[in-house]
Structure formats: structure tokens, C-alpha cells
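Think of it as A, B, C, D, E and F in the order they're written, each chain with its own count starting at 1.
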Amino acid sequence: MKISARNQIRGRIVEVAKGATTAHVRIDIGGGAVITASITNGAVDELKLSQGDEAYAVVKASDVMIAVD
Amino acid sequence: MKISARNQIRGRIVEVAKGATTAHVRIDIGGGAVITASITNGAVDELKLSQGDEAYAVVKASDVMIAVD
Amino acid sequence: MKISARNQIRGRIVEVAKGATTAHVRIDIGGGAVITASITNGAVDELKLSQGDEAYAVVKASDVMIAVD
Amino acid sequence: MKISARNQIRGRIVEVAKGATTAHVRIDIGGGAVITASITNGAVDELKLSQGDEAYAVVKASDVMIAVD
Amino acid sequence: MKISARNQIRGRIVEVAKGATTAHVRIDIGGGAVITASITNGAVDELKLSQGDEAYAVVKASDVMIAVD
Amino acid sequence: MKISARNQIRGRIVEVAKGATTAHVRIDIGGGAVITASITNGAVDELKLSQGDEAYAVVKASDVMIAVD
């Protein structure tokens, strides 16, 4: 499956923390940057996400803001 | 100003393309990854964003999905 | 690629309307329902989306609201 | 109240699962498709959502992505 | 129709600016605050939004961030 | 840091409710309006958000919908 989301950044999962319904998954994308995703516990189970796996952080362009110092 | 968004990734602007109301800004975050943001033309003007500037791509954790091959 | 987004609804593209930077793509998912997506022109080109194609509307669960009459 | 969101899909609630602060509500929209919404527990209470109710899944066009096989 | 979105703030439309596919609508919510919405031109037409109208800015709680100085 | 998000509304925090992974923060923006944000527990801790603090509700324009009666 190919998806329209402009941002698909490869990395490695460094943490999977499940809550009551919502999980936080953290992906190390290199260069010292770690991306945090808040997804459903159901998605974690279905994709069998676990620490050490290669994965992509996927973000729609309209969900990205720009900041400057 | 400090913001709650979990993802604030430093990079350099490589393209600013304005449309009728919506602009696309692309930030090179290193390691071969470029992040595309879709923001208002008004925001581009107010922050005076232009090619070559240092900037951050900012994304709320609830807007990040995870994909696997 | 498998993605964490909980909602991946199959349908057929009935319209692709490009704007200056942002395109609107409409997918007929059957039962009289048509889903409108606002994505970048760049994504339309890269995925070669055109009328009549089979495609999926993909939505993260945290972007879905519920309404009642 | 009429809302600007382009996607308002009628269906029937098949599950309401509350977590600590966030609930997952699933709506059967027919044709074998079920849409999952992640909303606040507070919204579930205020709208008195429960299994079997008719309801709409509401999604802003800018939150819809397109995928192809 | 009642919607699950936690934030429904009443105000008055002070500007409607249409682009090629995407419009910007600005609502004065009082106290010197003006909220900008980026919605489809189609939604502007269907809801017949125009300057001076009373309207609500509607935002899902998961789309709100918090910032501090 | 200056951010592209068009909506940055000043107010005072009236409630911080943490869940398992996700917190709800409510900001009184005056004129009887209270904005609810759903953010990570981690963000609450890092920004040291607590009741009575001045803070901003920050929302990207593409996440705002318009409704009329």
C-alpha cells in the first residue's frame, strides 16, 4: 500500500508504552531525533510493534507546523 | 514560548512554495530526510520563512502514525 | 506497507480537483457515501490518482468525531 | 448545528470503550466498513453515546489521506 | 446535530478569503481574539458563510496544544 | 520560539487531569469560553502545567472547523 502522506520517515522503535486505550510509540530517526506517536493500543497489537523493530513515522503535511527561534 | 507538541525537529528550509492561500514549506532534517509542511501563506509571511533558514518541523504526537513494511 | 491508522475504507475515485497547491480527491465508498480528502498536488501526482481508480480513504482514529441528531 | 466538515457518514454505534481519559467508539457504516473514533470520555457522556444508537462519523477533509495498492 | 468536539466557540465572521480550493475564514470570538479556520471552498458555499454572520469555531480536543511563555 | 500555528489564544489553566498516557488540560480564555486540550502526560510534566498558570491554547488553522446554527 502506498499512501498520500508526504512524510514517511524511517527509523527504529525505541519504546512502546501502552495506556488504557492509547499507546505512545517512540521512533529514533537518527541524528539524535526521536519522534513520538500517539496511536491506539489496537494498532500496536495489529502491527505487532515492539522495541527494536524498523518502522516509519508517517505524518500528513497539513499536520506539520514550522517554528523559528 | 514553549509548546506541548512532542516533536520539534531542527532542520533547514530548502523550499517555500506559496499557493493561492496555502504554502508548502520543506525542511531538510538531515540523514536524507525532508519534511513537508502545509501551512498558510500568512504564517510564511509573519515568520519571514525563506530558503536557507534554520527552522523546526513541529508535530503533535496524536498526528503521527506508524507504518511497517 | 501497513499503517497504524484505524480507518482504511476501500472505494473508487470519482473526482480529482487540483488547486494551486492543494487538491481535493473524492472517493465513493458505496452505500451513497462519498469521502472528500484534501491532499497536496504532489501526492496526487506521485500516486498517479485519477478518476475511476480503486483507492482507500485513510483516517487516523483521533481525527474522527461523532455526531448525533 | 451545521458544520463545515466535508465528511459526515451515517451509521450505527457497535462499541463504546472508555479508557482513563480517552474513549474509542466504533460505528458500522454499512458495506462491511466500521469506523473507529478516538474521543474524550467527556464527549461520550455528554452525547450519551451507547451501542445501537444511530450516529455520524465526522471527519474534516484535511484529515483524510488516500492510499492505493 | 450535536458533535463530540469539545471546543465550540461562538463568534462573528470577520473575513472569508477563498483560494483555488481552500478558504480561510476568520471569526472574532471577543476579548480581542480572532480564530482562523482553513476549510474547503465547498464548505464556505454550502454553509453560505459571509462576513458579519454569527458562527462557531469548532476544534477537537486532540488538535489543541498548550504553550507557555 | 515562534510557531506558524495561526491560533494562539491566551488564558489561564483551570484544570489538569492526567489519564494513563493522555491528559486533558482546560484553559479559560475569558468571555465564558473554556478550551479543552488533549495532550500527553509527558508534555504536562515537561511544561510543568498546573491550575492557575497562564498559558496559550495553540491550534493550527487547518484543524478549525466552522459551524452555524
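We adopt the following convention: contacts are C-beta pairs under 8 Å (C-beta built on N, C-alpha and C of every residue); 3 or more make two chains touch, one makes a residue touch a chain.
Since the model is a prediction, treat every value here as computed from it, not as a measurement.
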Chain A on chain F, rotation in degrees - Cα superposition, rounded to nearest 5: 120
Chain at maximum distance from chain B, centres defined as averaged CA atoms: D
Cα-centroid distance, chain D relative to chain E, in whole angstrom: 21
Euclidean distance of C-alpha centroids - chain A vs chain B, Å: 17
Centroid spacing, where centroids are CA-atom means, of chain C and chain E in whole angstrom: 23
Residue list for chain B, restricted to those that touch at least two other chains: 1-6, 19-22, 24, 36-40, 42-43, 47, 49, 56, 58, 60-63, 65-69
Contact pairs between chains, per stated definition: A-B, A-C, A-D, A-F, B-C, B-E, B-F, C-D, C-E, D-E, D-F, E-F
Of chain D, residues touching chain A in the complex: 17-24, 36, 38, 62-63, 65-69
Sites on chain C touched by chain B in the complex: 1-5, 19-22, 40, 42, 60, 62
Interfacial residue positions of chain C with respect to chain A in the complex: 1-6, 37-40, 42-44, 46-47, 49, 56, 58, 60-62
Chain D-facing residues of chain C, complex: 3, 5-10, 13, 24-25, 27, 29-31, 33, 35-39, 43, 47, 49, 53-69
